[in-house]
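Alright, structures below, take your time with them.
One chain, chain A, appears in both complexes that follow, with chain B as partner in the first and chain C in the second.
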Partner chain A sequence: MTVGGLAVGLKSTPTRRGKRLSPMVYLIIAVGALVVVSAVRTLSDATDLTSSGTVQAALTAAVPLAMASLAGLWAERAGVVNIGLEGMMVLGTFGAGYAGYQWGPWAGIVGGLLFGVIGGLLHAVATVTFGVDHIISGVAINLLAPGAALFLSKQFFSNAPGGGQKQSPRIEDAQKVTLPGFSSWLGTIENKHWFFVSDLAGVLRGITTEISLLTLLAVVLIAATGWVLWRTPFGLRLRSCGESPAAAESLGVNVYKYKYYAVIASGGFAGLGGAMLAVSSGQFRDGQTGGRGFIGLAAMIFGNWRPGGLATGAGLFGYTDAMALRGSNAVHALLLLLGIALIVVAVLQYRSGQIVLSGVAAAIGVLFGWWYFSSDQVPAELVGAAPYVVTLLVLGLASQRLRPPRFVGEPYRRGQAI
Partner chain B sequence: MRNRTARSILLGVAAPVGALVFAALVCALILAVTGHSVGDVVDAMSTAAQRPRTLVNSVNSATVYYLAAVAVAIGFRMKLFNIGVDGQYRLAAMLSAALAGAAFMDSVPSVLRIAMTVVAAMLVGAAWAGLAALLKVTRGVSEVISTIMLNSIATYLVSYLLNPARLAVTTAGSNNIGTRKITEGGQVAGFEVSGSSTKVFGLVLLAVVVGFLYWFVLSRTRFGFELKATGLSESAAVASGVSVKKMVVISMLLSGAVAGLVGMPQLLGSSYTYSLDFPPGLGFVGIAVALLGRNHPIGMMVASLLWGFLDNAANSLDISGVPREIVLIMQGVIVLSVVVAYELVRRYRVRAEQQAVGSALGRTKPLEEVSA
Partner chain C sequence: MAVGLVLTACGSKNDSGSGGTSTGASGSQAPTSNLKIGLAYDIGGRGDQSFNDSAARGLDKAKSELGFSIKELEATAGETDAQKEDRLRQLAEGGYNPIVAVGFAYATALEKTAKDYPDIKFAIIDSVDPAADNVANLTFAEQEGSYLVGVAAALKTKTNNVGFIGGVNVPLIQKFEVGFTAGVKAVKPDATVQAKYLTQPPDFTGFNDPAKGETAAKGMFDAGADIVYAAAGGSGAGVFKTAKANGKLGIGVDSDQYNLPSLADVKDVILTSMIKEVDVAVYDFITSVKDNKFAKGNKVYDLKAGGIDYATSGGKLDDIKAKIDDYKAKIISGEIKVPSTK
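Right after this comes the complex of A and B.
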């Protein structure tokens, strides 16, 4: 039984070995994608598609999502599903608000982290010690956390200077850094609007100008997670709890202990994501997370339960978020990009013999293309749905390429035979 | 046959009661630490319990929660997590409100008009749940993930449709927008209660009917047996000729159809329009109520009444200076502790059964003798 029981329809394809793509291939894919984006930009005259401003906004939006998906990764790699991410993020935003306005942004980050850890601990006690279903515990935390955060907010912020019942006083933003000299030089190239070159300059300028230290912290944490989980004995043991806890236990791994570590880390990362959200937007507000925990979960699935993949997913979803903020002309161009991506999926599926899937992907791709050419803009209300639609499309059309941890979501008792 | 000894009933009740007591203690502790008087809260809540208006509102809330809980429970019974009840009922309420409020409906006879609204809501709910079912049986996508995604997509879809350029009209004198108001012929009259200015939703009867059907189908029909069997042991069900894929699709559609009903009592009995302030998050309340009531038709009724009362009593807390969110904390703690309590009781039962079997078989041989 997998998450929610009933593993119907799951086609178990034999895992192909040696299919890891080399960094060079990734670079080629990235350049190829940029060429496509650049072509779309030239065709549709949506300069916002690759402007440095968009890239900056996308990074700011992507950071909390990346933290949420890292949180999901830590828990799920140890076999615990954590849909309480949203609630833990809410706790993180409160923690950041409380510590942040009194002692500065970095204290806020630590405060958010600690509050997230409390949420993670709760989830760990329920799922690991008491063997409660992971989904149920997650839902309960999602019910509990917003109530608790609002209760505490009314308790502590109502009478604070500049605070209110549903919001904290202002938190200072974290420091920002710029690569000196480089930025203005790239700016001149960007403004020429040459094919590809200006786009590359825009993207590079976006990632080297006015970068928050929080963004850099996020990048470090993603890399560190990859290193810890895949390059250390600790990580191997932790992941073995998600793949086959009985086998791990037979080798002397204390499964409960590793699950506790993982779920607490998960809560910490979710809290951190909430804290980064609160600090970068300047205060704690009720309902601030707005489903970002769930988008983080989506980014993790999109990224195939791997750090590099989830960073890509978070970047992509942050990008759509930034586009939605920056006006509909650029958003309209996204439809064409989505259509092209679906056609690529269709071709790939056709080549691997999945004729039906290929047909479905092609049909949806054509539909998006038709939508692009038959309209002038996308209603702003629909843009926010993009991450969720993309995730459903990935799950529906390319799920044979996904490989979640084998034992994820199943309760495990010590000494249990499989 | 299960034998209902006094002990097994006591154990069954012990878990929810224990969880309630534990939640009350936690909340008392939180209140004490944050400098509020526990006595004041108890006082405010018991005063609220004596007001007919609060009780009527509690029953109304419970009606809605009960429908949401049944929708969730249909899935739970076969280990399907329909987290998507939330999106299903919002989309269904919005679209059926637009249908019921449309100008051409004014000339349709009242009964037919209400029936059309309710059926439309069920169809929309079932269709939205059907997407998740389709992804599950054709592609093996976990319904937890797909329904979470569909919830969010529903949110954006509703906000897209709820626009004056599409299905909504602006309400005069406020910045609220909603669907066109349902005229009197499409409304469902409520029941007057003396001493209360609000009426009990007429569709409380719908909740009763749905509860009865839920019980009847699950415990008196072959389909219900197959559904429960699939939930208890998929392989056993398959071996006895049940098509699991078919069961997934049917139960997801049924769950979605009931989810579609969730918005109806409110829509047809009190607000008459789907507007920006239509209550959100009822699907998650449904999950909580189904858990507390253990998917049992009567248990869920008790749980939904408790939930409804807590929600409405919370209004009187703000007046006494205690943040009303203490009730949300209490509800969250109840859910978390009740599932822990059920698990503990289950473990205790297993151990007690093993002991009972052991003593029934008489003295067991010492370990050394067996291994020798």
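Right after this comes the complex of A and C.
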């Protein structure tokens, strides 16, 4: 899960840009990262770094973020910035609360999706039809959605059994599945705390035990998005609207229509993210999204506007978030891990000729290492900041290679020359 | 709704700017027999099933028994002190007297407002600041109630390992942790107490994020705890949910959470709750103003005054209730002094 930073760094020399790494290389990177993590785990005795509980918590935390960043991907690939993700997620949490408590979790998921679509439609009308600045429309949705959700929740939940003015009645959780027979056997190995083997067992156990069907749905949707946007004519046209709408239009693509599709899908995915959050935490609550829409946007940028990348980004955020919530001992070990990762980045950057960047990475890496060895724990005030520090570092060091869709954020009027 | 509130708050800024202190006297013209009560909520507001709702209950009781007219204003997440000040001024300008500010977050705003309206009686919950002639500071000895549920947790734990989850790492919530830890250690000095805060100020979402409560509690259960005390407002629902999924126990906060309808399906894992009678404090304050017996300064609602207690609903404490009451009596008599800071 921490592979992301390394993977981005590894796409090294400019001549190889755009060339895809083979699955074998990814596997080697993953194994290498796990070796490093397990070395840190052995050294620091922070078993939570690779425990199955952490992996499970990371997955649960990552799923709404991944949905939000997928939502961002759909909109931005068609050239529309969607900063209203947070608001659309809030609408999704309400939709899930309303449908979920009456007709079960899966109805809640559909309800959240539909409410998100309403938000997406609003954004599409404003930005595509009326050419409103994308940021302004998004911010308006972020302001409007929590108020609308609160109003609706007062209307519908105040007198519902077990509900309140700011929360829905309980929603049943979605089913969880466990790979039978596998889990307890892995658990035995995990508890031996052997180098690498136990860590691998912990990770495998985490992703095969008590996995919510919602998590599986999220994985399917990420893969499906990749296929639709990069392997179908529809996806090609949609992405062309984000790269060069004038050129696309000259070739007969109805740019407005594709932008509408994209932004509505974006709202749907954001609503889905909110719905997954509400269903997995058992109810709608006013303000429960807590900025996850914005973090999803950051995960998308981290992932270089690609499904695999954003999944890695969401996973990384989920992992550090889980870590921060599960014990500061593990966060302390994270310092060392971060230090090592930065040194690796420094070496890779140096090899590809980025001397300055390499120096900066090395210096920060050494600083983290020094911090680790000179302290016993991270102050509680900083533990919660761990996810954001990791992001800033990764974005700062990797953003040289990021390439957003060329025409993203620009208003486009039909018939406009470039 | 949030937008509406912001707009009204902005509007009032102009009013109070032009009015200044000269209109401050208007509040005192209202005869005490016909009080208009103003109440400003903390984030979460009416309907949070916790702290704010408790204040609302006190207000509702005063309204139905004494027939006052009331005005309630809610806070929005991430607002500034200036917005809080505007809210209090809006109530003061509207002739509301007395005015109750729910939550320590109002301390700075109230200090400025109270000065400008010397004839209006204010109360602030959970804060000893500001000290002024027209301000009553209603605080609670949460550490004493937390001590008692700590005793209960220590007597009930089978793994000798219990947990504390605070919503936001602020001094008020630290009081809960300190009292809880002291209670556990009083019974079992060798027991482990894990402590975790969901967010750090100024991020107050930790009171409202069940998903985070669930993750933190799961971490504690994985690390060997079998009872977790959730002083985390709405996030507590996530703690109880994961307690139920893992066959462990949780302890509630602020009200008797065993009896809350919204927690009905997890109530069998709620061992007890630390009860904080905010409604009693609000009601007492309103009647004191009505009877012209307003007292300025700090009034502490502790075990002795009946403002703090522990819940026995569900019958999980029946076998150890006598022991807990023993500690309770000792705290009331002063034999045990419960610390409130680390």
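Basically, the second predicted complex is superposed on the first by the 393 of 418 C-alpha atoms of A that agree within 3 Å, B and C clash if a C-alpha of one lies under 4 Å from a C-alpha of the other, contacts with A are read in each partner's own complex, and residues count from 1 in each chain.
Please note the rule applied: a contact is a pair of C-beta atoms (placed from the backbone, for glycine too) under 8 Å apart; a residue touches a chain by one contact, two chains touch by 3 or more.
These numbers were taken from a predicted model, which means no experiment stands behind them.
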* Asked: Now for A:Gly384: first (chain B), second (chain C), both, or neither, which partner does it touch?
  -> both
* **Which superposed partner A:Leu150 touches (first chain B, second chain C, both, neither)** => both
* Can A:Val36 be said to touch chain B (first), chain C (second), both, or neither? -> neither
* Partner chain(s) touched by A:Asn142 [first = chain B, second = chain C, both, neither] -> first
* Asked: Which partner does A:Leu121 contact after superposing on A: first (chain B), second (chain C), both, neither?
  -> neither
* Could you look at A:Gly287 and tell me whether it touches chain B, chain C, both or neither (first, second, both, neither)? => second
* Which partner does A:Asp48 contact after superposing on A: first (chain B), second (chain C), both, neither? -> second
* So which bits of chain A does chain B touch that chain C touches too? -> 143-144, 146-148, 150-151, 154, 291, 381, 384-385
* Asked: Okay, in this complex, where on chain B does chain A touch?
  -> 30, 34, 78-81, 83, 135-146, 148-150, 152-153, 155-157, 159-160, 163, 230-231, 234, 244-245, 248, 284, 287-288, 291, 323, 325-329, 331-333, 335-336, 339-340, 343-344
* Touching residues (chain side chain A, partner chain C) in the complex -> 48, 51, 53-54, 56-57, 60-61, 143-144, 146-148, 150-151, 154, 158, 161-167, 169-170, 277, 280-283, 285-288, 290-291, 321-322, 325-327, 380-381, 383-385
* Structure fact -> Seen from chain A, its contact residues with chain B in the complex are 1-11, 81, 83, 122, 126, 130-133, 135-137, 139-148, 150-151, 154-155, 291, 294-295, 297-298, 301, 379, 381-382, 384-385, 388-389, 391-392, 395-396, 399
* Asked: Within the complex, which stretch of chain C touches chain A?
  -> 1-4, 44-49, 53, 77, 169, 194, 196-200, 203, 205, 208-212, 214-216, 218-219, 222-223, 234, 237-238, 241, 261-262, 264-265
